[in-house]
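In the two assemblies presented below, subunit A is common to both, partnered first by subunit B and then by subunit C.
Coming up: the complex of A and B.
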């Protein structure tokens, strides 16, 4: 029977072309959507890699009237001591603007063995790891002993380590700044990936460089780990205290958990819009399929009557029509899968192959489900056609 | 072989009730060639459809080969039609998207037979109707007479005991019609097929063993 269906479909290839094209386009669109959904889901399931609870980001502008490095360093140290002396504070860390769930992204290029690697760059001081409770898989975080180091110390994330060094240990490896050519950097530690760009963002290469607190350029962020008891009154007091200390600059306090929620909403927004569009597309495709199959049945009443006369049961007719729809969808899916498979093979968008494979499988199952649902009712209607009646229609 | 007892067929709509067949009783013996005649709308095709189990009577009983058919399920009826009955229609009812050989193979698809066996049987059936040189043609490439021969080949491919022909020569000129009748007579005399044929043509009816006349749904001869 399958061979017979193939023959019938092949001989009606012109009539079936439109239907197969519709299925192919649906497959491709749904492949994009499933890839995105699987990618987001997989990212959501990855460990967060940092502890954002009770962490406040205090943004400050460039300190005015201080031009020498010592004054800047002393100024930052006095701020740090003031904050840490407060009973509700558990830890303080200085960072550049590229903080978790912040708006800043700093991309750069670093090289290893003459191969350039794009990477996100973060700048943080020695306390950053403790404040955000970051886990190290290898080596250590920055400390005073790095003051005397010849190479600039860096800590890279697990994704970067795996891409550059594979299973080999990364600690002690020398990399170089390919973007600005500012000398060599020594890997002193490998940290867990942290989902600092939101819960749905994918892993990316990232490295931390040690912050020079005497750096005169620009402002930055102070990350403050507070006790769970820290309330609005404390926040107000902190704000006033720091405003007095940093008279000539603006300050701004944000809560990292709220920033995370905001960031996630920003990431989810386009997905929700895409899902709504996809929903309409699915309805459109389903109606199209349903319509074509329904039309086919009405056009093929004679044939259905004849098949019934020569031995097909009602259920057999229903199965045949559904079988035809499934064979047509299989042909479309094979063509679609051929194109979809190129994505993992060519490593498009740097997304893991597994994500694409899962998306292809889900897409195939979805299209089959859609075709089955859409052919179920027309198939049943065809089964209910009375043979004598069908054979009478010309 | 075929026994019809007090067959009635009533078509009902919301307002009208039409008696298509009224108390028809008929026995057809094995190997008989029977023709049914009557004016248009007298119930000839309805009777043939009921004998062919394509339609159910409103009342009465049909026995084919001593088997009662009124309690058969849809699947059993389909299986019965496939094994015991062969159909020939005035408008051929060939599937234009299938080649001649595939059209003839159609009844065998609903049996458990291999592809090669199907091909062998279909080729043999086409040879019987003199169309073995047209196996790879599509129905649209054939003349009316050739189409009807394909339909006959399809009807006999499964070696059924009964052939039901609904005006098989109705769309053909007299020469072609006679050729089709020759084939039917051959199947009846040589192969022993029981044939029931609906026709409008007295000359064709004269070539059968027995004639049944219908008028307004009732048997008048």
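Coming up: the complex of A and C.
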């Protein structure tokens, strides 16, 4: 049966060539769309890994007129004490600009056994884990013990740990700063990944270094965990108090839950536009396929009439026509899949191969479904052709 | 002759209504999307309120410092120091506007929070950019030098605090823990504007240290020339000036900064640029591939439909051939017919996109953004129609013209 269908198609390869090209291009376009969708869906399903509710981030510029480390450390300490003494504050943590859902990204290279790994770099103090409710898989978070340690303590995330150390335990391992080839860092803990770049962001290497509060360079961000009862009146008071304390720099307060929503919309906006355009392309292709298949049947009335006359059933004709359409699409899908498979094989764009494979499978099913739906009505119509009528025409 | 083709085309379109519908649907939606994208790009990139002199302006908004030793690269905006010390020494530009990146500040009135985006600017800013004031006036050189705490606010900000614009002038707004006296109110800007903010204040009020001699910072400059002809001269002068700037930080040994046209600076902000390469090539080829892929599907679809239609008309072709019509004439006729179809779709597309733009404008999806289809966009659409029509018409026409008279006549 299938062999016969192939023969029929081969005999009309010239006519069918463009139809197959169209299916192939649809497959490729939909492959891109499905990959995106699967990728975002998988990311969306990963646990968030941090608790953003009731966390405010307070940005401040570099404190002017202070150059020695001691006075800066004192300055930061007094800010911290002021904030924590307020009644509606549950916790305070210092960080740099690279905070969850923030505008800044800080990327760097870090080396283990002379192999360089690109990684996101975060800076956090001892309270960071509590403020954002981060969970650890292994080891511990920064604490006072680290004041005395010779190597700089770092905490790496689960993704990074798996890529670098595999199943081995990472705690106690020594890594180094790749850009400058010096400075040793000791892994003291492994944390669960946090989706700090938005709910749809993919897994990323990341490590935390311990905040040095006497660091003179630039400003940073203070994360403040507040009680659920904290309102705008409290925020205004906090703002006033801190503005008076930090006279030489501008400060601003943001709410982490709102920043998260903003991040997500920024990403979803273009995706929705893309989906609308893809939807229109698909309707377009579907109507086109339908038109062409329908037309082909009208043209083949004689052939169909003859087949009916020699005893083919209506259902048989309908099956044959749908089969032909499916064989056509199979050829295009094979060619398309050949190209699509290169993506996981060559590891393009650093997306997990599983994502590509699910996308390819969904894509194949989708194209088959589309072709089947488009050939359903034309097939039925063909089945309704009466042999006498069809043969009479010529 | 053309009139005849037109008549035939309309007759054919009427005969098979379903096919006509499919073709027109595909063409009109494809063109509508092209129109929408072109309108949006045109809006963002071409001169508009308040930056109306874009054709005789250059933008300094990007600074790249490289360290060849560490293979590291820093991208950002130029610092105030760099612009004030070096860029303002340029002779060719008539006026130079300096402004900072917008920084968010908070304001709490009656226990309600409002976020105000602030930009610190110089006095020339108000000459270079053509803001329309609904009340009051901008600040001048004296107010800048005296570091007076004055601000120009947008209409939106004014509405949030006061009853009407005229009443706002002379009043105070406290934001970032500073009391600013309002001296002017301007028509609000769309979010896409390069100088968008809620409040503009003299740069002398910034809490940053303006004496910091680092080359990277959060400032930009717009160089306004007296005529278009000076653009190249300014670019040359700028490059010469840059070559003489000493590197402050020993860590870096290369500096790249340019006086760009608006489009170039827009591309440069996408971080495709590296060194002297502006990233334009990468951007254009990338955009080209996307447009091509986007057009490929509807085109193939139309080609398929057209081929079906031609076979439908084989008897007509057969008769015309039998009476001596050359292949060339037939190709010509069919391509024209297809162009007519495309233009019909084009008209529908324009109507469709017009409706979408009206809806988008009135629903205020993008605040203060009033899109309109203008001459440039219509030209792009016309071009797209012709390309689309030719692409989808030529191959089927060629197939048709090669049909043998006998088979064509026998077909039905």
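FYI, the second predicted complex is superposed on the first by the 391 of 394 C-alpha atoms of A that agree within 3 Å, B and C clash if a C-alpha of one lies under 4 Å from a C-alpha of the other, contacts with A are read in each partner's own complex, and residues count from 1 in each chain.
The criterion applied here is as follows: a residue touches a chain if its C-beta (ideal position, glycine included) is under 8 Å from a C-beta of that chain, and two chains touch if they have at least 3 such contacts.
Bear in mind the structure is a predicted one, so any value in this text is a computation, not a measurement.
Output check: A:388 vs subunit B and subunit C. Expected answer is one of first, second, both, neither. What do you get?
In the superposed model, A:388 contacts subunit B only, not subunit C.
State whether A:29 touches subunit B only (first), subunit C only (second), both chains, or neither.
Only subunit C; A:29 stays clear of subunit B.
Check whether A:315 is in contact with subunit B, with subunit C, with both or with neither, and answer first, second, both or neither.
first
On the A-aligned overlay, A:258 touches which partner chain: subunit B = first, subunit C = second, or both, or neither?
A:258 contacts neither subunit B nor subunit C.
Considering only touches as defined above, state whether A:4 meets subunit B (first), subunit C (second), both or neither.
first
Between subunit C and subunit B, which one touches more residues of subunit A when both complexes sit on the common chain A?
C
Enumerate the contact residues on subunit B facing subunit A in the complex.
Residues of subunit B touching subunit A: 45-46, 49, 52, 54-55, 74-75, 77-79, 81-83, 87, 89, 91, 93, 95, 97-99, 102, 106-107, 109-111, 115, 138, 154, 158.
Which bits of subunit C are touching subunit A when the two form their complex?
Spelled out, the residues of subunit C in touch with subunit A are 18-19, 22, 25-26, 29-30, 33, 70, 72, 103-106, 108, 111-113, 115, 176-177, 207-209, 293-294, 296-298, 300-305, 307-308, 311-312.
Note which residues of subunit A are touching subunit B in the complex, please.
Listed in rising order, the residues of subunit A that touch subunit B are 1, 3-4, 7-8, 11-12, 302-303, 305-316, 386-388, 391-392, 394.
Help me check something: in the complex, which residues belonging to subunit A touch subunit C?
Result: residues 15, 18-19, 21-22, 25-26, 28-29, 61, 64, 179-180, 231-233, 235-236, 239-240, 243-244, 248-254, 277, 280-281, 283-285, 287-288, 290-292, 295-296, 299 of subunit A touch subunit C.
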